[in-house]
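Please go over the structures that come below.
First chain A sits with chain B, and in the next complex the same chain sits with chain C.
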Partner chain A sequence: MTTLRMLAIGTLLHAKHLSRSPFEVAMALIVPLVQATLAVHLFRSGDGSHRLIEAAVGAGLMGIWASVLTGSGGAIQNQRWQGTLEMIMLAPRRPVTVILPITAATAVTGMYALLATLAWGRIVYGIRIELAHPAAFLAAAVACVLGLGMFGLLLASTFVLLRNANALANPLDYPIWLLSGMLVPITVLPSWTLPVAAVLPTTWGARALREATVGGPVWPSIGICLAIGAVCLVVGGYCLTVFERRARVTATLALS
Partner chain B sequence: MDSEHTLTAPSPPPPALSPSTRAGSDFAIEAEGLSRTYRTRTGWLRPRLQTVDAVRGVDLSVRRGELFGLLGPNGAGKTTTIKMLNTLLIPSAGTARVGGYDVVTQTREVRRRIGYVFGGDRGLYDRLSGLDNLRYFAELYAVPAREQKRRIAELLELVGLRGREGERVEGYSRGMRQRLHIARGLLHRPEVLFLDEPSIGVDPVAARELRRTVAGLAANGTTIVLTTHYMAEADELCDRIAVIAGGRIQALGTPAELRRRADGRRVLEIEAYGVPDAALAALRELPGVRETAVEARGTQQLLTVQSDTDVDVQGDVLRELSGIRLGRVTSREPTLEDAYVAIVNAS
Partner chain C sequence: MNPVRLVTTGGALAYRALFNWTTPAMYAGTLLAGPAFQLIFFAYLGRQLQVADDRFFIVGNAVLAASTACVFGGTLAVGNERRYGTLGHVLLSPRSRTAIFAGRVLPYAGNGLLIAAFTLTVGTAALGLRIPLAALPGIVLALATGSLACAFFGLTLGAVGLRFRDVWVVSNVAASLLLLLTGVNVPRSGLPPWMATVGEFLPITHAAEAARTLAAGRGFGAAAPALGAELLVGTGYALLAVLLLKIFEAESRRRASLETL
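Up next is the complex of A and B:
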């Protein structure tokens, strides 16, 4: 119970801290709008004008992923710069319970990206927000946040070990967008990418959102997204314990 | 073991033992042969491996309730020693126990019993309020929910931040941040508190308040390990002091015992402007001169010359400095700082 309380309060306070950063706020406001605009024009120039709502949802998911990725990498790096990484790792807790609220907070703030792109699509491009399963869409959005947050934890475990975590985080942005079918259906990608896509929670999260938007079996996709997320949580938790010890050997918890 | 390490101090006031104190040990901290080597790699194509021995075999024991000072120049190994004792770094060699628990194998037990406070602007969530910072760390340190409000209020009162807790930390002065650091370090009532240069950059009034708080904690039975550059602070607060230089403990004893290292000496202080290195070298060669040091104070320099008491060196020193613009010249008894300079220079 105390752990759950700590996770909830930690997530809330990290989200509060993120929401007060002018840089984070500017990025959260601008990037999803640019992505939504690009997606809408891409779909229009192709033969997908009837799928504009999918474009908006896909762009929103890209925003959540960008927030989790840059957030997880950036947040660990920021903690290092602020000198708080040592202080939180010094707490008598499992490392996973210390880092999870940080990645969960980035996923929560990333939810804004989904809402912003939908609103942008509605206001500027007149996309009608007609969801096949509105309740399932909400559930899929929550599953995406949880699944991506747990995936972010797995990534964050490596960021604890590396002083230049951003160098690893930045190049991962675009491959995950592509592989997860956030914008382009994974069926058009080379066949060797399919097994990779199948083990990413982002793929199933994107699929759940798309199915909730245009119709289809939403709940199995939500289940798989959460199941893969849970595996990421367990593996990430183990990695964090190992990497935290390694970081104490290599002295990478602090900036210097 | 270095013979200097066996110096014993007059017994400090009996400490208040916590319920979790493990029977059989009078020491809150015990370290044997503690060493730490840093390895860095630079370059990708032709990587170069560099190793730095930051701490080389430190042995120390700190009694429960003792206020123990760790003094040394920059890069001497003070912070590395503290980080090994508080579990942030794993020693390259040697062992250490805090509260009877091993810092490498019983990390979580050690962490439950310690607090860590370091000096400077970093280490806090700037865009959160002081209260939010304390709430978050109270959760991390598993302070029971029903106790948190009362404990945080107590600590805000203790460090003099009551009424300012709702403001964002980014608007706090250096002194206020430092006080918030201390409140955070005390949330879970640690048995051992590590204070790593807590008064760095703090104004004199805030530093005095800080010293009063630290003395109060020690009086209540908290074991404190303090690193500082300020000799007066160490002299006023510490039961015992270890001087560390080059990664090794060079001297250990009470402030009075360390001061005695400068017995038989006299100190000449000269305010000067633009003393060349050649003049300094010449001063060191004068008969009776034991140490020289120069401290820059803006455009002015404070030249300190330690000499044997039975040799009057003032005339010779002033002769060597002829042609250099001088200010006030004073002769005085040696202080702890002079003893410290002598110990560090001899290392």
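Up next is the complex of A and C:
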């Protein structure tokens, strides 16, 4: 089985698995719409009423990140709870190839959030979906899914060592939304946050989507998002191997 | 066990046993850092969109910070009994269910107050908001009232969990809706009338209004009507929780679905 085929089948398997959970489905369906509604009313209340499509796109991206973060936090823990962590770690493949599909599946299912918030904005609030670069928007959305999936792997790899990975994952929604400029332009943030924002794939993914929506050089942002994502993949894969070995040595792999 | 001991000791024991987030990492990450980051996010968003001043977002989100502990706590207070297989034992007890479950709400409300106070402190320090010293007792009262109302709201959701299997969906959606409908982040004048009306019947809405009034230095008299409204909402949810617990308990016994997960 080629690595690519394994990743694709693994992603499909985990996406199907997620779709069997009433909790995951309900949360994926409802929460992005609540966030989109909140964003639209906030933009309308302030001086952003002419930027409602940015609110809808930003809320959708927030939904993708929330999905990836929850998935990454639970990627290892859920396998522990299901009693399948040892089995997937015993597979004759690198750990990265069995964990990456889990985080990629959360990013793929998170794509619904982007589609849903755009549809919600169009149907409920009459927002005209006029994209400056429609083809580039599609490419940016795919880049976001890939970039965020690989970033999720890096997070998941650090969670191998932690029993309460959710404790780290739970508060990370808002900082990443803020630092990545999903709704708030990063230029209004304190200057010390800018270097942090610059190394996040989410920042460049959000920028690519915004530029595809309102106009701007989309492709460099897509390229940087994917490049940082690739770095996350390499570092995450290395960490996953090291941490997995360490967890085996200390016999803590399955402890939850 | 006398009723006071049943409420206090029973509540404390149930809190330790059923609240999943009492480990230091989970507590700090989920209940302290999360709400503080939420406050900062909305304060910057509000600044950028010029929706309202910092006070609006800092005070509003500090009041809302109690909701995570209270909504999910109330849900866990009932839901985890079922998950751990002890719900039947609790319901077989010859003591008043009202006293048992009312006792459970108190630690969550106290916890909510602590989290709200922490979030307010972090928000004011990070964003440089000055609150008049004279307003602090009133603000603490507003935070406490909001936390208590929210805890009873959480208990109501926990009661709903006796009827619906996946109570986490209900509590997560409810927590999201509090963010939208209580006017904590979007001024209620900017919400459609039906959303503003729904918000009137939710916890946090009036407590946030009262806390903002006090933080603006307008005195306790100006905030008293909103505080009274929050107490009324809290009392309403307390009564609703007791009623639903009775109905769903009877229904669960009749359908033999008490411990069905």
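Annotations
As a convention for this text, the second predicted complex is superposed on the first by the 253 of 256 C-alpha atoms of A that agree within 3 Å, B and C clash if a C-alpha of one lies under 4 Å from a C-alpha of the other, contacts with A are read in each partner's own complex, and residues count from 1 in each chain.
In this section, a contact is a pair of C-beta atoms (placed from the backbone, for glycine too) under 8 Å apart; a residue touches a chain by one contact, two chains touch by 3 or more.
Note that the structure is a prediction, hence the values are computed from the model and not measured.
Residue contacts after overlaying the shared chain place A:245 against chain B, while chain C stays out of touching range.
Applying the stated contact rule after C-alpha superposition, one finds that A:65 touches neither chain B nor chain C. Of the two partner chains, chain B is the only one touched by A:87; chain C is not. In the superposed pair of complexes, A:120 makes contact with neither chain B nor chain C. Contacts of A:17 after superposition on the shared chain: chain B is touched, whereas chain C is not.
Applying the stated contact rule after C-alpha superposition, one finds that A:137 touches neither chain B nor chain C. Contact residues of chain B toward chain A in the complex are 38-39, 86-90, 108-109, 111-112, 116, 118, 120, 122-128, 132, 135-137, 139-142, 144-145, 168, 184.
Chain C makes touch with chain A in their complex at residues 23, 25-26, 28-30, 33-34, 37-38, 40-41, 44-51, 166, 168-169, 172-173, 176-177, 179-180, 185-187, 189-191.
If you check the complex, the residues on chain A that touch chain B are 2, 5-6, 9-10, 13, 16-17, 20-21, 81-84, 86-93, 98, 245, 248-251, 253-254.
Of all residues in chain A, only 22-23, 26-27, 30-31, 34-35, 37-38, 41-48, 162, 164, 166-168, 170-171, 173-175, 177-178, 183-185, 188-189 touch chain C in the complex they form.
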